[in-house]
Amino acid sequence: MDSYLLDDQLRGFIREDLEHGDITTDAIFDDSATASVCLQAREGLVVAGMERVASRVFSLLGGSAVNFEDVMPDSARVEPGAILMRLNGSVRVLLRGERVALNLVQRLCAIATLTRSYVDAVQGLDVVITDTRKTTPGMRMLEKYAVRAGGGRNHRYSLSDGVLIKDNHIAACGSIRRAVEKVRQQVPHTIAIEVETDTLEQVEECLHCGVDIIMLDNMDNTLLRKAVSLINNRALVEASGGVNLQTVRGIAETGVNIISVGALTHSAGSCDIGLDWQDPAL
Amino acid sequence: MDSYLLDDQLRGFIREDLEHGDITTDAIFDDSATASVCLQAREGLVVAGMERVASRVFSLLGGSAVNFEDVMPDSARVEPGAILMRLNGSVRVLLRGERVALNLVQRLCAIATLTRSYVDAVQGLDVVITDTRKTTPGMRMLEKYAVRAGGGRNHRYSLSDGVLIKDNHIAACGSIRRAVEKVRQQVPHTIAIEVETDTLEQVEECLHCGVDIIMLDNMDNTLLRKAVSLINNRALVEASGGVNLQTVRGIAETGVNIISVGALTHSAGSCDIGLDWQDPAL
Amino acid sequence: MDSYLLDDQLRGFIREDLEHGDITTDAIFDDSATASVCLQAREGLVVAGMERVASRVFSLLGGSAVNFEDVMPDSARVEPGAILMRLNGSVRVLLRGERVALNLVQRLCAIATLTRSYVDAVQGLDVVITDTRKTTPGMRMLEKYAVRAGGGRNHRYSLSDGVLIKDNHIAACGSIRRAVEKVRQQVPHTIAIEVETDTLEQVEECLHCGVDIIMLDNMDNTLLRKAVSLINNRALVEASGGVNLQTVRGIAETGVNIISVGALTHSAGSCDIGLDWQDPAL
Amino acid sequence: MDSYLLDDQLRGFIREDLEHGDITTDAIFDDSATASVCLQAREGLVVAGMERVASRVFSLLGGSAVNFEDVMPDSARVEPGAILMRLNGSVRVLLRGERVALNLVQRLCAIATLTRSYVDAVQGLDVVITDTRKTTPGMRMLEKYAVRAGGGRNHRYSLSDGVLIKDNHIAACGSIRRAVEKVRQQVPHTIAIEVETDTLEQVEECLHCGVDIIMLDNMDNTLLRKAVSLINNRALVEASGGVNLQTVRGIAETGVNIISVGALTHSAGSCDIGLDWQDPAL
Amino acid sequence: MDSYLLDDQLRGFIREDLEHGDITTDAIFDDSATASVCLQAREGLVVAGMERVASRVFSLLGGSAVNFEDVMPDSARVEPGAILMRLNGSVRVLLRGERVALNLVQRLCAIATLTRSYVDAVQGLDVVITDTRKTTPGMRMLEKYAVRAGGGRNHRYSLSDGVLIKDNHIAACGSIRRAVEKVRQQVPHTIAIEVETDTLEQVEECLHCGVDIIMLDNMDNTLLRKAVSLINNRALVEASGGVNLQTVRGIAETGVNIISVGALTHSAGSCDIGLDWQDPAL
Amino acid sequence: MDSYLLDDQLRGFIREDLEHGDITTDAIFDDSATASVCLQAREGLVVAGMERVASRVFSLLGGSAVNFEDVMPDSARVEPGAILMRLNGSVRVLLRGERVALNLVQRLCAIATLTRSYVDAVQGLDVVITDTRKTTPGMRMLEKYAVRAGGGRNHRYSLSDGVLIKDNHIAACGSIRRAVEKVRQQVPHTIAIEVETDTLEQVEECLHCGVDIIMLDNMDNTLLRKAVSLINNRALVEASGGVNLQTVRGIAETGVNIISVGALTHSAGSCDIGLDWQDPAL
């Protein structure tokens, strides 16, 4: 994740919470007050965003007015009580940034932690867990970053950098073949072509067209297994639909290459992370 | 929620998903293709955002190229299978807007639905359920709107429109009295002063200072009851911390006026809502 | 005033004056030319914005290319001829920023100075002078800051952070009671409810509804006195309308808590402050 | 003034006053409420901005939800009590836009009115009254428009579209001649070269260099007259400094071509214009 | 090209040319003046951007104040003298938009025309002509659109939607194999992996790693032929470097699948297109 | 060129090429990898933009992560093979910025080089070569800067900072005299008035009106000579139309003061400049 691109987004998040200023803090603290605080995990979790996101919120607000220590790296698994980052500096900056930083890392760590559970559930199998475009509007770059911190992989980022031919595209063209041809004549050769299928007949049609990736949508494991066998390494195979922590290993065992999981981003919830104030030197 | 203010935000969400264009759709459909689709609830839920949010995504993308019918109003409770909105018009616009619209209403309906559960849980008691600032960065206006659609109320919007004096503010000033004085000398008289308390001693000190709202933070129900009795309508009483669907009614029965629940926004997850394509006329 | 929020605004002001560049200065000076200049009060005034506004204009234009000394703090009262700030550094930066910086501080000091006159006029009385929303479009954050530098207080910042129920709101609802009820069911409990009144009957109705602040609009001093006596500390009392430096003390003596004065921002004019060039070292 | 360029600015002004919404109005009125209101002059004034500015604020907020009638044209002189515009439509839109529209036209009409006084004061003389760059930051396009509505003319808009060589430029170059040469080698031939002078010697030097406009800065009328005679139509002559309504005619009678007056924009104050609500149909 | 995404860009281009207004036109024409004009090709060319770009400039400036007729579609080849579009409407809008619209279509048509020459030069061969990222900064979406209008295809749009492993990436990893492995572990499976090669040894290494696209950089035709034969359809083959209208057919005859040509965008120059004024009805 | 104004533009160019990140580089390099590279002229050229543009792209991307040495100054003429700048620092930053920096300087140097050819072609004559508004949309500030680096001069920047009365303006007013009068009554006195003419009659009319600059549009050299003689230094004379490297000296010898050349910006193409990687220390 390119911090250059992140800053604009973080500035928007800060403005949302600050509006025209922190009236409580401005009334009580002056610019010289400093404090030491730490971010602490209140539950076990996989870390995402301490270094590039949380600390950046405070830096954008206050330049070098806050220093960071013991910043836990992305992907680390920590126990409840673990210190995720220590912050030292201007109270005004710490209070202005606290809520935004917490709202961000609570969500990013939750996504990394949930992703890790899926990745762990398929351990030892040659399969990749990916996210989808079911991200929170405005948070895609960050949420896809958290998926990677959790050991997952990213599916296409947007409508621009991947082709996914769905049932309505196929219906419009009359056949998979025609849809694939039209797309192949237009999109850059640098982008793989993926087709969503419901039946083995569709899978077969995809193979005839030389599709790069075949998505098997909402198939049961028996059908998945047949499809994998039919495809026989002639295309990447992606399973999608009905994936949860109970079903994911069974799906993986059918031999698919990729399992895409919307829940990684739309249902991760929020980790319990607190900001504790220590020895205030006001 | 003022649609005037919402448009900029929605445009940003659309750009995030469109980047430099929908390469699949552009290759397959031309501008004249039209279709009828509907948004359908795949589970029981409380509606939020069909009229002002989902439909607006498509309007911003295509002007009058898409028409809307049977738009379910905010706050309606619907059964699984209910049609939430019918859309008719340009396939290009429908496909470009589909993911953003779904990502939005799945989250907003989830918040409205969870809020409704809390509000129902305290039915008959004279208490108000409010949200907090624990919203998704960039989504505060929308999420607070969904809380209202679910029958909840909003707490302060940002650091600008409410005063909340917390332990570190108090520590910095030496006493609640001093903190309240400093704030009262600075903030507009149009904004109420709220203080976070952990003990009955602090509650008492608040009462001496004429604080408008006393937040009782993480107190058990016994202590809450004592605090309510001590306050005796001389300030609004807000309970906060440790609130969930199991505990909320017990807390409400202590007599507090307000219960603020971070979970309304940070843990609502995502409702299952689908966009179904009907009789495509391509 | 949060400098984080101010920068975007200042950048817009600079762009307005620079457009595609300072063609005179670019033709004459190169990047290495330096000079010493000072901002000087050409009349007696109350200082506002030297440190956070004027100096920031030059810093945004030139990073550390300009240094500042003897920066007069906000709220200081100075005599004609007083040095308000000394600047040392790049001539290009000084010339590019000169007009914007002057236009800003001439206005901000004028507001602080006029506010101070009102505050002085009610000295010894327990009353607060506040501004209104009658600010220059695009300058609200800065102008409300200048009011505070002059010893005044801020009324609500925007339509979002205060409730003011006016005659047309009341007419729409049929009664003050109904309007207050509707508002109380919707707005956050953290925001006080203020009602504008013209008559003692309306004041009485407000008291019955437990309104937090009662605005007495354009009442004469006799009526103000009756209203204050009727209210009897059961609500904050704000006088508004017909306030000028001749009338303000009389109004204050009626016992109201707050006097809001639109003139602080809409009629402050401009202080005479000059930028003098000293010993240019070109 | 190009409305295309104005819209962005007006949107910023509206957002400043709306922040996250008009909480009072949203609680009381729904989208269907309508009303008739009018803008009324509470004092005699010269009109500026009814058609292009005030009405545009409401249109940006509500599309065609508000209609306008009897819109008084720019430059009209009106008596106290004159109706400046009638508005008919959505109460929500009217209330959201009221303050911004008033803040704008009160200032614009004040500038047009003050400009008119200066223009009237020199009636019959062949001289032009112009503004300066002493405008309110962020309001330059609007304020210069108001000056034209008052019968004045605009001086250069920014540092980009006019050359003004001042004492520090001259000092840096060693002589007026050298400064003019450097500038003439760099700036587009489409832009006139103006030099600020304090003495007749400097005026003479300007004439030798073929300067297009000679600014006579803070000269008394005797000296102005000598300079005009010396220049003898070989350059445009601009008087600047110490201009007020008492002195302007005397200055004009010296024969200068242009008198630039900073007060037109920095000291115009605010006209008293009210928005009156009529027969509300709620 | 999605017009939704184009508008912001066009608005920026218009602002660049308008700055604070068209002072000549504003002085001479009022809002009611209308005229008929047409865009005419002064040389033979391939059309790009009449409908979506040129007309949109005028629509953004003036809503429906200008109408369009006889708009020549993209990809049409026209003779000198051909009418490319007729415009009818507000003179102010026509004059404000003229230069921006011309600057755009002169460049877009030049790119389409040059692309067409390359595509024609390889007619009958099974090869695709693509652009590169050597586009004018800020014009990529438009220039890649013009390439398609000329019958060319687009290479990757940005650093986000395609992988191109170059010599410095390879050097950093020690081998092509290692570089491909690292990339494959990170980038979405929806994006093809392309490697730049200089030698047949590198081509061989690419084949061992299962690279999707092999770029043959600056190879002579003999070497290209050997590489094509070696690759033998196991990857897409892209020739790059030293391509011009004289060499392109020879390169194509070596059997490569794709020829990428930086000149399409960086050296297309500008077509001669004029805007002629007809029967002004002022 | 004011770097303060340039940064926003450069940031937009970087975002265009980066979209959501450089996926190849991010997979292969970590933040600690460094390298030395240089920009090298692959053909003879006149330098423009190394110091203020190319280096700034990398600084915006990486702060002080890249250092610059041997930066060739603007206006230098260099031989093929000349080093234009050495860069030392973060590989990630170098790779992210490479394409944008090259795309910019290849174009800017081409403009400077072409301009230099025109300026050299009229050496010894008292004439100025200027650009026009025929610049690439979004690149005007940069392209006009490159013209100056090549020894050319700038014509008006936009529709705001120069008056050019063309045939349609004249037709609308009935005569040049009427058009000039209308303009003179409106535009600032700081801006010269230029009129486009086709015939000696029009030139004569311009002289009667005291026009500042007379543009002789598409006249042959005989007619140009007559016009120059007729004007006889009573106005600046600008030749325009049909100017190329073959014709420019002949035109200059007619005695005109200014020759404006659209080709400087619309037909300069792109210089061959490469970025070479040296001793990578990864």
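Letters A, B, C, D, E and F name the chains as they come in the text, with residue numbers starting at 1 for each one.
By definition in this document, a residue touches a chain if its C-beta (ideal position, glycine included) is under 8 Å from a C-beta of that chain, and two chains touch if they have at least 3 such contacts.
Since the structure is predicted, the reported quantities are computational estimates derived from the model, not experimental observations.
*Asks:* Among A-E, A-C or D-F, which chain pair copies the contacts of C-F, with over half of them the same by residue number?
*Replies:* Checked against C-F: the matching pair is A-C.
*Asks:* Determine whether chain B and chain C, two copies of the same sequence, contact each other through the same residue numbers or different ones, counting it as same when over half of the numbers at the interface appear on both sides.
*Replies:* same
*Asks:* Distance-wise, how many Å sit between the C-alpha centres of chain A and chain B, to the nearest whole number?
*Replies:* That pair's centroid distance is 22 Å.
*Asks:* Report the inter-centroid distance (CA atoms only) between chain D and chain E in whole Å.
*Replies:* Averaging C-alpha atoms per chain gives centres 45 Å apart.
*Asks:* What positions in chain A touch 2 or more of the other chains?
*Replies:* Answer for chain A, listing residues that touch two or more other chains: 18-22, 26, 96, 140, 157-158, 160-161, 163-164, 186-188, 191.
*Asks:* Mind pulling up the chain F residues that touch chain A in the complex?
*Replies:* 14-15, 18-22, 26, 60-62, 96
*Asks:* Quick one: which bits of chain B touch chain A in the complex? Just the residue numbers, please.
*Replies:* Listed in rising order, the residues of chain B that touch chain A are 9, 12-13, 16-29, 33, 35, 91, 95-96, 99-100, 102-104, 106-107, 133-140, 157-161, 163-165, 167-169, 171-173, 179, 182-183, 185-188, 191, 266-267, 269-270, 277, 280, 282.
*Asks:* Which part of chain B faces chain C closely enough to touch in the complex?
*Replies:* 128, 130, 148, 153-157, 160-164, 186-192, 194, 212-213, 236, 238, 257-258
*Asks:* Enumerate the contact residues on chain A facing chain F in the complex.
*Replies:* 1-2, 4-5, 140-141, 157-158, 160-161
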